[in-house]
């Protein structure tokens, strides 16, 4: 029998639609203790920037009801170190490695993207939606015109397909999605974290040095599902959806609203085997429902 | 000793800053079984529209992790029936009754507001942010220009102070807040529910007939706190903040970011005595911290 | 907080819980909002009164999701939060009583029958109880009612015969109650006990609204018991 | 899932939990991520190994919030999820050992001391243990260590005397560990065990980063044990 989870994302083949999300999976190595990375459809690297970044000071994690706030601030080794130390390991994976690229201004995005031109990369995720860095990041993702502009420039310099990762914090997400589509994006991913705030009332202080931080996890799922539904209806390029997905049922819901693949973030932390259990669950669902391929239920809502 | 919770909201006196939120407290009667309504600072009525509305068909409630989605659709008896049947009971309360007014178009807002001109109302909450009705409602609350326009017109016809209730679903909430301020609002309240979606994967259908519904409860608290902080810093009129407040500590956090009063919604459902316990908790806090008035910690973050 | 005296599994996934309860008088058909958790799940769970006598309150519940799974884990000696009694309950009647229950829908019918027979020892109470598979608490009904018909795996309404001296009260899957409403002659009063997702349980949220011939009604406050013609097309 | 053999309150809010554990070998100073709940709270909780011998794993924990409150309610016979062992743990040394623990920070030091004395029966292990009020597990340390100084309500670092033949290992409030780092002469190696809020516990989220003289390190993976000069200004 053929694999009912085989999924094509604008021509790129994924063995299944389950992909650990950027920033929640390191560069994959840590999860090799839990399962073979090749059982995944793909994986998404920690957000990379041109130069190494130390990330934010102060508290970086704060738990909320059914949610997690983070203020990592794109700590990463920089593109060169990634290419040297991590890529050799990743490039041999069967699972599709998606490289997540952030930036602080136009030139830092473009230079980082150019560095990837010599590698055999299948898909780049352009992060214009990180709420945790002051310059750049989310700023590009909250106005359609800015999103369009940066996407166009990145697409122009990149040899590889560009998937743009959208912010839930900006103006109408469908406007931004359409702008990225018309700028030449190969696909879209959403949602990045929702901007939130936490207070330590005993200390009479904000928890995070940056004041605001990004909320993820089950708390945001209803919001992410609505946005995925809106965006899938608004564009003709494929969508990778995420936000609070914890189990195969959640994953299926995002597929039912039209997502081609799904990414999983926070759940990797509290349930390190979440991805493979999700794959098994979706497989069983296809079997139980007699689906030749999961795509038969894609976008039915 | 004077009451450390006494709070003035643009001149209106509230015995304390705790106010059950619109749509979660009926017209108060149901909660009289749990406590004396006069122990509250105020209370906010179910959203009223000019004409009676039957509300939405189909499922109206759906629980999510740490959240509640609702699609009530402003079921209400209409302004005339309210004035006849509920107002006589409410007007004698010591607690400030805030009348929440919704509409489907400009004239329905204005007519509803005019009907209140003959009553001795202390504060009207203008709901331009209900995500659960198709015409009107949220549409006015997601663009600064439209929010400004409707606020101006309502302020012009109303004899009573107008507090505008903001949507978390629109473009920059600070832009909308400033637009309402400049249009003459006496105060602002926020947030209304966050637009979300739920799927019943077994039925392969959206849970709500309206597709999208409003998310409230602890899940949205980090988002609400961030928006309250932003808005309190952006305007010079007082703010009533809400969104996921469950206990006095949560309430205090919203006050610390600058809210003058706080409203509590969803928690009334699972914990019907929440309001009085919150009041007691805040009182004890003032006592333990040696505060003459809770305002000493307002806006300290 | 109420003290749990007993929480017992009668059949796989079917639990009976008994609490020490002194507060208020409770009528058949009323329900309580239960919770034994902090914020997850968020809402309390509506559960009908299975039996009540001064000092003691029982529930019969099926484990279907998160909330009932937590309830199942409770042990005698644990406490849980209950709010209620809520709802109108079944009306007092002066005819004989015919009860028709499907699955866990039999829960509110036991106290109904017991209360009826206590107040009307000379009137008849008959019961049709339908189960998909393993029946439960049927002996309890048999000890109280004048006649009990048990149907396992079939369609309960196929069995039902009635007469004009009876009032019918039914609870179970909506499809069953609609079928009951169809087959019982118009001359007989039929009361149905509805379900709806509930947030507040007291009439404040309008989440449980149902459309009736007399406008919107709240299942939690105006119901859960309605005359069939008010809520179903018959 | 691991089976709980014992979960006992030693002092108000101080619990000792022992599990049946066969999986892996565990080193002193390592920790596990514990959870005994579904989605609320969301994250697992890092707890150090208090003691380990083949087949048996113990934790000593203080009830401070939601997660530890749930752990407290568990009974022998219940199960809980554990991931680990994680972290580098304390290094093997060939000097004598001086341990300095403050409050619940003594938790990882007991297995450290026991393991050290097992491997080095002829070397000395001394302990300074500081408590705000009621001390706990001091007898356990007294049974193992050559010398134990207990300080209640005072400042433990006031007591500490050291000599060049010892390596110091410390765990407790950061302010205490910094004070320890200050008073111990440079010629002595001092290892500190740090805390940080953690999401993954395995080095994937970068939530527990701490700044060190050698760049950012992950408390969960590169730590929790560091040389004092790497993480504190001394």
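Here the chain labels run A, B, C and D in written order, and each chain numbers its own residues starting at 1.
By our rule, contacts are C-beta pairs under 8 Å (C-beta built on N, C-alpha and C of every residue); 3 or more make two chains touch, one makes a residue touch a chain.
Since the model is a prediction, treat every value here as computed from it, not as a measurement.
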Discussion item. Considering only chains that satisfy the touch condition with chain B, which of them also satisfy it with chain D?
Written reply: A, C
Worksheet entry | Comparison of A-C and B-C by number of C-beta pairs in contact, larger one | B-C
Worksheet, complete the sentence: At the largest C-alpha centroid distance from chain B we find chain D
Discussion item. On a C-alpha centroid basis, what's the spacing between chain C and chain D, in Å?
Written reply: 53
Worksheet item: At what distance in angstrom does the C-alpha mean of chain C lie from that of chain A?
Response: 47
Worksheet item: How many angstrom lie between the CA centroids of chain A and chain D, rounded to a whole number?
Response: 36
Worksheet item: Tell me, which residues of chain A touch at least two other chains?
Response: 64-67, 218
Worksheet item: So which bits of chain C are touching at least two other chains?
Response: 39-40
Discussion item. Going by the touch rule set out above, what shape does the chain contact graph take here: line, ring, star, complete or other?
Written reply: complete
Response to the item:
Given the complex, residues on chain A that touch chain C span 65-66
Worksheet, complete the sentence: Listed in rising order, the residues of chain C that touch chain B in the complex are 35, 39-44, 83, 197-209, 211, 215-216, 221
Practice prompt. Report the residues of chain B in contact with chain A in the complex, numbered from low to high.
Written response: 64-67, 69, 171-172, 194-199, 201, 204-206, 211-212, 215, 218-223, 225-226, 229, 244, 249, 252-253, 256-257, 297, 300-301
Discussion item. Which residues of chain D touch chain B once you look at their complex with the stated criterion?
Written reply: 39-40
Discussion item. Applying the document's contact rule, which stretches of chain B touch chain C when the two form their complex?
Written reply: 23-26, 30-31, 33, 46, 54-55, 57, 59-68, 70, 72, 75, 217-218, 246, 266, 268-270, 272
